[in-house]
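See the structures that follow.
Here come two complexes built around chain A, the first alongside chain B, the second alongside chain C.
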Partner chain A sequence: MQKINIKISREFSPTPGPRYIHEGKFSGELFRQQVLFPKVSNALETETPFEVDLDGTAGYGTSFLEESFGGLIRIHKLSYDRIIELMTLKSDEEDYLIDDVNEYLKDAYEESKK
Partner chain B sequence: MKKLFTSAEFKKQNQRHARRSWLRNQRFNDYLTAKNKSLLGISEQGREYKRKFQDPYKDYKKVYAPEVLSFIENPEGVVEFISELKTLYDDKKKVFVVLKDVNIIAYDAIVVLLSIMVKFKANRIKFNGDFPTNESARDVLIESKFIKYLFQQFKKEERYYLGQKSSIHTHAWKDVDSELGYELIKNASKTVWGDERRCQGVQRTLIELMLNTNNHADDSKKGEKHWWLSVHHDKTNHKVSFAFIDFGVGVFSSLNNKRKGSKFFGALDKLKEKIQYGNNAELLQLIMDGTLHRTATGKPYHGKGLPGINKARERNQISNLNIITNNVHANLDSNEFRIIPNSFSGTFVYWELNQQNLNCHAEN
Partner chain C sequence: MKNLRSKVITGGVYLSFVAFGFIVAKFINIPHFEISKSIDISNIFSLIVAAWLAILITTVFEKRNNDNRVEKDLIISRVGNIFDIAASLQIESNTGQIYHTEASSSIKRINTALNSIYKIVDKCHFGISIEIKEKIKLNLSDLRETLTSTPVITEEQLNGTQLPIEIRESIIYYNRDRISQIEVKFDDLKNLLLELQIDINKK
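And then the complex of A and B:
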């Protein structure tokens, strides 16, 4: 099955910005609404594996990543288990981002259970 | 005689008018006497010089800049200098900054001088100053375009760009501007490595700081305060320095004022229950190593906020990180956290990018 690829620097912006739209351009909120949620929900519906490529940008603020990935569970109520099952993260330039994103997803999931 | 002039009411009014007029004349005579006395023994040329160069600012409040104008080398002096200017700014008093005795102006102080000057001018409060007699200090001021802007009027604006074509350029805004960060890093990397590179640690530092100002600098409303950023390119030593400042409430005041609903509400009380810390210097150490975050949220720390900047330093993405906020000065490289006598209302962060720092080539 063809994997769905999401390269942030190409499909959204090489300069990801803050958390919310009102805080500045290229926010995590905008990325989630315009790119990540449509692609991820499609992947979950069709049971297609997907890869999010974090490389090639100028760098990330932590809030951008938290809002983008944590928001999938917090706002869009997507299934944590299904995301973890189907998602691969690529971050050769900043390998620590993979752990961070996984933790953001886990935190959002645990919060959603409360 | 008109009946009006003989009435008691008129007489009372006339006497009050005469008394006030006499007092006014008396004050003017005193002023003239004092002025004439001050000119006694001064030649005609001397009087002309005084009239042209000293007298124009006689009703300005004089504020003396410290001899070492560097936030990192002399935080005590600079905080006192800022605090004096802030009082005058709040009182809308005209200010004349005396810089003639300044021997050293570090690049980190430029952002302080420029931001204060623009704040005064944008609020239509007269602001002027003289120049250092020390040549190298004067050169730094000229390079930063401070002297040029001293004679320029500013409007209240959301955004400022100062000294764009100079080796020291300054930016200010209220929102997070990741594109600006990208551009600054591209230019910085040309100075450091000779070609365009990406430095994710610098970008993270910029975004976290801009976001901190946007979210926390003003307790009452988000996005109210400006952040200011000066960048200096040292082409000889292949080094670029970044100095960031906001005149918000500062880290500790912001933490103390957290409201219900914030993840940091009551965080200091929780921290005190678990860890004994003596003062704000020790508290900043706990913030920077992520302890406060872990205690407040009960979760592992994932590099958010100020500690995220320290992580970038630990990963060798930035160097020589210094933070001054409220009454603490922290030099993270030497792990020195110390209390300063005067409190600075705001947050100042300085760091450098050099050839040893991690980076990626520009092409994606």
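And then the complex of A and C:
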């Protein structure tokens, strides 16, 4: 089965910005709404594995990633287990981002259970 | 030319040692000590081998030490470059406002430069202690969080709320408390980079 690829630097911006749209350009909220949510929800519906490539940008603020990935669970109510099952993350330039994103997803999931 | 001159000087020093030994032997008579005028061929051979080994070992070790020194100096200067990036980011954030892209990209530059140093150090076969690597990783993660993390809060909730960090038009604004926290983390990072330089130098 063909994997869905999401390369942030190419499909959104090489200079990711703050958390919310009202805070400035290329926010995590905008990325989630325009790119991440449509692709991830499609992947979950069609049971297709997807890869998010974090390389090639100028660097990420913590809030951008938290809003993008945590927001999938917090705002769009997507299934944490399904995301973890189908998602792979690529970050050769900053390997610690993979742990960070997994942590944001887990925190949002834990928060949603309360 | 310089090389030839240095060889002539070295040869002159050796010759003067031989001459000095000859003069001492001529004028000083050491009692109960007799030098034989005949020498066994096997002794000559072992003398030559011993002298050759001494020169070889000295040359090899000296070259290895010099190579290591040059490599260490280059790596230490690369750590110095990271120190400069950190210092410049510290000055910017201390003003209380910084472009979001600048903060996140500087942290990425520091991280990628450190990873490249770790790889070079591995190639040079003198590893860095895991403890210091972990300390730097933790510090950078904290610093990135303190510099760029804003709370999950809606625009309505935001009105009238005093936050330690706010972002407007892609510019991050810090309050005094947050600036102090950032300063402490930058000082820790600088100390760790110095520790890293010393650690590399000792290898």
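Basically, the second predicted complex is superposed on the first by the 114 of 114 C-alpha atoms of A that agree within 3 Å, B and C clash if a C-alpha of one lies under 4 Å from a C-alpha of the other, contacts with A are read in each partner's own complex, and residues count from 1 in each chain.
Quick note on the criterion: a residue touches a chain if its C-beta (ideal position, glycine included) is under 8 Å from a C-beta of that chain, and two chains touch if they have at least 3 such contacts.
Since the model is a prediction, treat every value here as computed from it, not as a measurement.
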Check: Now for A:55: first (chain B), second (chain C), both, or neither, which partner does it touch?
Finding: first
Check: After superposition on the shared chain, which partner residues are touched by A:9: those of chain B (first), chain C (second), both, or neither?
Finding: first
Next item on the list: Determine, under the contact definition given at the top, whether A:103 touches first (chain B), second (chain C), both, or neither.
Entry: first
Item checked: chain B or chain C, by number of chain A residues touched -> B
Check: Residue overlap on chain A between the chain B contact set and the chain C contact set?
Finding: 15-19, 22-25, 57-64, 66, 93-94, 96, 100
Item checked: Complex contacts: residues of chain C adjacent to chain A -> 100-101, 103-109, 111-112, 137, 141, 144-145, 147-150, 152, 155, 167-172
Note to self: Looking at the complex, which residues from chain A come into contact with chain C?
What the structure shows: 15-20, 22-25, 57-64, 66-67, 70, 74, 93-94, 96, 100
Note to self: List the residues on chain B that touch chain A in their complex, please.
What the structure shows: 175-179, 181-182, 185, 198-204, 207-208, 210-211, 214-215, 223, 299-300, 302-305, 308, 315, 360, 364
Check: In their shared complex, at which residues does chain A touch chain B?
Finding: 9-10, 13-19, 22-26, 55-64, 66, 93-94, 96, 99-100, 103-104, 107
